[in-house]
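Shared chain: subunit A. Partners: subunit B in the first complex, subunit C in the second.
Here is the complex of A and B:
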């Protein structure tokens, strides 16, 4: 895989992201992994199904990387998101960011995952014991009517 | 001919991943009203719109050969 931003149907190895950002100028590599949680507000998830608009999703992940480079300057970023059926504890997304100093690597990783949750065309379908549903905006506090999500709409989720 | 992509619940409700609309030069909002009637997509208004893989506005004019994707609220991560 020669891309730094990609969608995969295979299990994620976070080492693949780390390898892409390790470099001489970096004093910090921060990683974030999003994993499949079993219980949400007492409701048991059996498994998840992710779908993506793959070419656009990869472009939008790259855009997030570009935004990070603009905000934090010297940063290298790699992001992979998995699609298809994922079991409890599977890694859905892995992010690695390298920067000269640690504060920027932490902040930029956080920025990346929040931006993914607001604007990358990837969807999650929950399969519960008693049903299934494609989840939308999980906080239901943003109207998407005819508008492009802005950088200001960062959510804490 | 405009190519239209549906995802997630829109895909399930319409029963299609991809449809084509035999039109040229109409606005996204005009296309939307045609589709929501044809496929009974009452929640189409909640979707963002991407034209040729970039987020676009309701007044964007789409032409034959363009790919219009309806993007329900995302839930990746």
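Here is the complex of A and C:
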């Protein structure tokens, strides 16, 4: 993968992100991974399904990287988000940020995951034992119960 | 490696730490890596040398893990620190923390690196173009210029 911001259908190897940000000027690398948790508020998840509008999602991930470089100066960033069916413990998203000093690496990595959940067009379908539901934006402020993402929004090519 | 807290002479693969903490109950994994930076305050580092009192260092890393479990409850932790000669960009330390939710993973990972630098008996020798120096505790509050760690303190078996 020659990009620093990408969507994939394959299992995520966090080392792919880490390798892209390790460099002579960095003394600190922070990596955040979101993994599929079995229980949420007492309800058992069987598996998740993610869909994205891929070109826009990759563009938005890159925008988040640019925001971080703007805010923290000397930072390098790589972000990958997986789509398709994910099983419990699978990595859905991995972020790696390198900076000269550690405080910035932590802060920028945290910023990245909050921004991803706010603004990247990736939809999640929860599959439980007793049903399933499309969730809207990942902060769950918008519900997609009424409005399932359109085929156009979900296309992953 | 069957331990969650260990000292190694081999290159660190952060995936080894990540694999130890990924689990059904976790929705978040934070990984912090300290890497060898080329320039510090304008001075070029050629390479670093780390020595540790290994049994005590591993015991202290485990203590930090216990402190995190106490403070954050549902957390799993793995920490590895490398010793010996490290080149620029090599990983000196890797920490992985998994928790159900992301705020705790970030906070606990940050706590771990601060505690490592405070209390784990690992000594660092900086090699510059124009000299070398043993540094004391990793927060550099204690200087080892007068007192180079004894052979007993530095033994790495």
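The rule we apply is simple: the second predicted complex is superposed on the first by the 136 of 157 C-alpha atoms of A that agree within 3 Å, B and C clash if a C-alpha of one lies under 4 Å from a C-alpha of the other, contacts with A are read in each partner's own complex, and residues count from 1 in each chain.
Keep in mind that, in the parts below, contacts are C-beta pairs under 8 Å (C-beta built on N, C-alpha and C of every residue); 3 or more make two chains touch, one makes a residue touch a chain.
These numbers were taken from a predicted model, which means no experiment stands behind them.
Asker: Under the stated touch criterion, which partner chain does A:8 make contact with: subunit B (first), subunit C (second), both, or neither?
Answerer: Neither subunit B nor subunit C is touched by A:8.
Asker: Which holds for A:119: it touches subunit B only (first), subunit C only (second), both, or neither?
Answerer: first
Asker: Using the touch definition from the top, say if A:110 reaches subunit B (first), subunit C (second), both or neither.
Answerer: second
Asker: Regarding the shared-chain residue A:98, is it in contact with subunit B (first), subunit C (second), both, or neither?
Answerer: second
Asker: Between subunit B (first) and subunit C (second), which does A:52 come into contact with in this model arrangement: first, second, both, or neither?
Answerer: A:52: touches subunit B, not subunit C.
Asker: For A:34, decide between first (touching subunit B), second (touching subunit C), both and neither.
Answerer: Both partners, subunit B and subunit C.
Asker: Where does A:24 make contact in the superposed view: on subunit B (first), on subunit C (second), on both, or on neither?
Answerer: Touch status of A:24: second partner only.
Asker: Looking at the overlay, does A:88 come into contact with subunit B only (first), subunit C only (second), both, or neither?
Answerer: In the superposed model, A:88 contacts subunit C only, not subunit B.
Asker: Same subunit A residues contacting subunit B and subunit C, which ones?
Answerer: 34, 113
Asker: Would you tell me which residues of subunit C are touching subunit A in their complex?
Answerer: Subunit C residues touching subunit A: 13-15, 18, 22-40, 88-89, 91, 98, 100, 102, 105-106, 109-110, 113.
Asker: Which bits of subunit A are touching subunit B when the two form their complex?
Answerer: 34, 50-53, 55-57, 59, 81, 92-93, 113, 116-125, 134-138, 142, 144-149, 157
Asker: Using the touch definition up top, name the residues of subunit B that touch subunit A in the complex.
Answerer: Listed in rising order, the residues are 5, 7-9, 11-12, 29, 45-50, 53-58, 69, 71-77.
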